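Chain naming follows the written order as A, B, C and D, and within any one chain the residues start at number 1.
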Amino acid sequence: MSNDKSSPKFLQHHFHDVNQQYETAKLGMWAFILTEVLTFGGLFVAYVVFRSWYPEMFVGANLLLDVNKGLLNTIVLITSSLTMALAIWAIQKKNKKLSLIMLVATFIFAFIFLVIKYLEYSHKFEVGQLPGEYYSYMGPEIAHINNPHIFFSIYFIMTGLHGLHVAIGMGLIAWLIYSTAKGNLNSDYYTPMEMVGIFWHLVDLIWIYLFPLFYLI
Amino acid sequence: MGDNQKQNYLTHPKGLMSWLLTLDHKRIGLMYLVSGVIFFLIGGLIALGMRLELAAPGNDFISNETYNNMYTLHGAIMIFLFIIPAIPGALGNILLPLMLGAKDVAFPRLNLASFYLYSLGAVFAVYTIISGGVDTGWTFYTPYSTQSTSNVIPMTIGVFIIGFSSILTGLNFIATVHKMRIPGLTWYKLPLFVWALYGTSLVQITATPVIAITMVLLMLERFLGIGIFDPALGGDPVLYQHFFWFYSHPAVYIMILPAFGIISEIIPVHSRKKIWGYKFIAYSTLSIAFIGFLVWGHHMFTSGQSVFSQIVFSFITYFVGIPTGVKIFSWILTMYKGQVSFTPPMLYALSFLFLFTIGGLTGIFLGAVALDIHLHDSYFVVAHFHYVMQGGTIVAFLGGLHHWWPKSFGKMYNHTIANICAVGVFLGFNGTFFPQFLLGLRGMPRRYATYDSQFVELHSYSSFWSGILGLSIFFAFINLVWSLRKSNTDDPGTNPWGAMTLEWTHTTSPPHPHNFEKDPILEHGPYDYDKVIVEPTYKK
Amino acid sequence: MDTLREYFFPKQVSTFAADIDNLFFFIFYSSVVLFAIVVFGMIYLSVKYRLKKDDDIKLTSSKDHSNILEALFFIIPLILVSITFVWGIKSYLKMVIVPDDAIEIKVTGQSWFWTFDYPDGGSTLNELVVPSNTPIKIVLSSKDVLHSFFIPVMRSKMDALPNRYNVMWFDAAQEGVYDIFCTEYCGTGHSQMGAKVVVMKPEQYRTWASELGADDESIPLDELGAKLYTKKACNTCHTLDGTALVGPSYLQTSQMWGKERIFDDGSSTIIDDNYIRSSILEPQTQIVAGYQGVMPTYQGLLNDRELDALIAFLKSLEVDSEI
Amino acid sequence: MSEHHITPLRTYLIIAGILFFLTGLTVFVAKFDFGSFNIIVAMAVATFKATLVALFFMHLLWDDKKNLTLFVMSLMFLGIFITITLLDTGFRGGINPEITKPINERAAFYESLPLTDTHGNPVDSHDDQHHDEGKDHY
């Protein structure tokens, strides 16, 4: 427990001290991460069940995805995770400028991720590899396989939900950039940055699974 | 005492905006209470309408479509808008920080956001009702829910949003219990209501995300035909049932665990006796919460799931029963060598023990696969879950409401009327739902708007008593609200029942806007009736 | 015990019904005992230790556990539920393992009637005919949404899933006519989706089965129509007395013969033989204003003569009601 | 808040290096066909990567152990969800084989879909003259 008797302005009235507030926020964030994991979890269950029923359909359909774009996105996202971690490291070390640079870098990487995703999606839309009833691609690789639309449904829902998280993360990072620049976040109080960081690493962590599940196996 | 009441959370600060934008957990709890009870009464009226229709076999008042809409709305309103948010959202919000000696919950703004998410979800539900209803049942089983022309979408959006409200409340409570306790209030000194809310919150944050994603998949199935749940597109309706019940079975424990908590508070206080088996009750709360995640398949015994999982689910189901049984015995033994007073909360608690025991025991019938095949989707199931949900949760909720009413509002209600209503609820409830066990055994299926003439006698009997049940509940609420009138000078004092937890011993009724005028210091455990005498401040 | 059984349960017709009822009564009597202990304990303790008017409030006992009692609460229910579990599973396995010599009948649910297809060809609607003392294997499926096939006297039930088969079986020991209900909610007509199971002596069944599918050439058209009206489950949705159920009443249609009927898209047509015929075969193309388009097609379920018979029956209604 | 643990820069860079290396490794391994062994390798590598991210980037290694407990709990419940669902979906038809598979394995709307080339344009049939467009999968 910290012993400073003065109460800084970011300390809310119902907490005793700064440390209690920080630890509470972190616990809340991890409880939220738990719900995030289980939200994606439902989709993982759908993936596992349908894969166990129709392995040859999954193997056939995943050949239609572009491994290079997926690999590129993985690298982009891991890099952004690193820059996010470094942004927190920098602010802990009282280096505001480096922290800002790292946050902006994270934001840009997130944007690149979405651009690559967009290119991937638009190609799928063109050739008719759409989810559900809108599926119309009957190319020679897939015409003999039953129900590939289910693979694409799961693919679009999971990567779409993940993409949504990337977009939300970008909004949060933009807010961090603003607050850090204004000096609201500093080496004494960087709780929001730590929280967004955890969220951002979760986004990375989920992609670490999505990439092999859809593109590789 | 008069000096202490100069400031309380009800009157300070004033103005509509001070309520709508309040961060005070007590006010948010009160807003939950009011909206929850309104929905409870709406859901109850719908139920009475259905019982009226079922009093005689044919389509007497309403058509099949209307009946299907009514039973769907009854289920959806009662579950999503009342029972799930009511006890954690209302009583939990008001009491949790008080019991911990905290000034507020961990994240007050999140708490308000959660209330507004609940309201937004409720708006969608009300929109569904106004625009013609939804007829899929609250379970939204596919493929009917992907084909039905009724308003499935607004209702699923409502459920989705309310799910997030529930998650945020749970998350908030977990952080509160872990981090906001006053020094010295260790885990084993927590009131059992706090343990119950903690277990509930764990279930809320773990199970609710799955219903959220299930609702999203259901909506996408309607919009895009994604083929995960719709058999015409290669999906599997039984998989939908797995998704749905992975949430909805644990949700049963979101509904019943807080009720266990309330009973664990009422019985020791009104028996003036240390609770029997504190640690057992505390741990069984957590173990029930956990085992509740492993048994969802017993809702699917006739769905055509694999024989292997039938056996596994039946086996695990019985492990929920044993800790629950020991809890019931613990509550009863709490009265041993105590000083029991028959106050309205205590009457509700005793009636809970009676009704919930029936509800629990009939669950044993349904857990045996071979027998469940006969009873599945029959009125036996209807009676069983009403004994658990209404006879358990709602009776405990009414008891809790009567128990903490003087604390929340600083006014005492009329005990005689409250006692009569408690007996009325007990009799009306048994009269309504006991015949339904027999109906189910004889093969009457549920969700029927009309029925065979062989069932008429029991149905009309059930309908008759449902009127008495409805009236009793209605007058119980009227009696409570009536106590709030200005001319009521029946002052309960700070601690009308002589209880030992912080919300009674360290703050005024109604409490101070910041809960405690000065930081409370823990003097004794929550149930130390063998060590300290706390005089009740109210004598009839 | 037998009177209680008759009060609680419908007749025991299938071979495993008695076993299931016995399981019920085992749990029932154990529950009654446990419940009696709970209620007695509750009343006894609360009355014995009640706070009397002139009692002072005092410190109470600090007793809050008893290892023996707690062990008992744990062990006795554990024993009871173990027996229940094992019994439940043993009986259940008997219900899923179909004997090899069973007669296989295909049952198809459709909103809101049941079709039964027999092994030797031929089918019936809403009336399942089976021989007694013979294992019957039911292969269930559905054409639209979930249904559930429930025969209370057989203590047997199984969901009918679209695009997948489910299996159940029973062996009826007593002849008679019994109820079949749909127990999985399936929409507007759910509560009317009943059927009957007719259990016959095996030799009677053989005669019946050989006559099945033979044409009803001999009966006049309107009488055949009247038979088909119930046999093909038209009565689930259409009444004969003018009241509207899921669909318009036959009487109303009959009274409007030759007049205009208005549809929900605003178009209209004259009610005549052709209209009735197409509304049976392609019910979704023209939906009468004020109703929902929920009727399934009867294409393939009725032959030409049967269609004519239904039309003749419908026409005859107005004449009857005038008399 | 100086008492919070500050992870050294070196650690972050090493972890990121391992993550990049493992990503390359999975892609490389996936090019060979080991049957179901591919899935195991890919999932094992992914899990190892995820553990690194959680422990180092998300600071779980140095955090209050309650946070780690919550994270492990989420994985445990996900595991429960998957395992118990598979008990049904993986074992259907053990006693009555009829119920193992759907009646129609292919959704009806495929019957009306025209065959297409790899660009999604309708073609009459997949015979030799289109083979040059069939990229490397055939």
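Just so we're on the same page, a contact is a pair of C-beta atoms (placed from the backbone, for glycine too) under 8 Å apart; a residue touches a chain by one contact, two chains touch by 3 or more.
Owing to the predicted nature of the structure, the values given are computational and were not obtained by experimental measurement.
Relative to the centroid of all protein Cα atoms, the closest per-chain Cα centroid is that of B. Computed centre separation for the pair subunit C/subunit D is 43 angstrom, with centres defined by C-alpha atoms.
With centres set at the average Cα position, the gap from subunit B to subunit D is 39 Å.
Averaging C-alpha coordinates per chain places the centre of subunit A 35 Å away from that of subunit B. One inter-chain figure worth recording: subunit A and subunit C are separated by 49 Å, centre to centre, where each centre is the mean of the chain's CA atoms. Listed for subunit A are residues 23, 27, 31, 34-35, 38, 41-42, 45, 49, 133, 146-147, 149, each touching two or more other chains. Each of the following residues of subunit C touches two or more other chains: 96, 163-164, 166.
Multi-chain contact residues of subunit D (touching two or more other chains): 66, 73-74, 77, 81, 85, 89-90, 95, 99, 102, 105-107, 109.
Taken chain by chain, the contacts fit none of the simple shapes, being neither an open path, a ring, a star, nor a full set of pairwise contacts. Chain pairs that touch one another are A-B, A-D, B-C, B-D, C-D. Listing the residues of subunit A that touch subunit B in their complex gives 12-14, 20, 23-24, 27-28, 31-32, 34-36, 38-43, 45-46, 49-50, 131-134, 146-147, 149-150, 153-154, 157. Chain contact summary for the complex, subunit C toward subunit D: residues 96-98, 139, 141, 163-167. Subunit C contributes residues 7-10, 16, 19-20, 23-24, 27-28, 31, 34-35, 38-39, 41-42, 45-47, 49-51, 55, 57-66, 69-70, 73-74, 77-78, 81-82, 84-85, 87-96, 144-146, 148, 150, 152-153, 155-159, 161-164, 166, 179, 181-192, 194, 245-246, 292 to its touches with subunit B in the complex.
By the touch criterion stated above, subunit A contacts subunit D in their complex at residues 2, 18-19, 22-23, 26-27, 30-31, 33-35, 37-38, 41-42, 44-45, 48-49, 52-53, 63, 67, 71, 74-75, 78-79, 81-82, 84-86, 89, 92-93, 126-129, 133, 136-141, 143, 146-147, 149, 187-190, 194, 197-198, 201-202, 204-205, 208-209, 211-213, 216-217.
Residues of subunit B touching subunit C in their complex: 59, 63-65, 68, 135-137, 141, 143-144, 147-149, 231-232, 236-238, 271-278, 280, 302-304, 307, 310-311, 314-315, 318, 321-322, 325-326, 328-329, 332-333, 335-342, 350, 353-354, 357-358, 361-362, 364-365, 367-374, 376-378, 438, 441-443, 445-452, 498, 529-533, 535-536.
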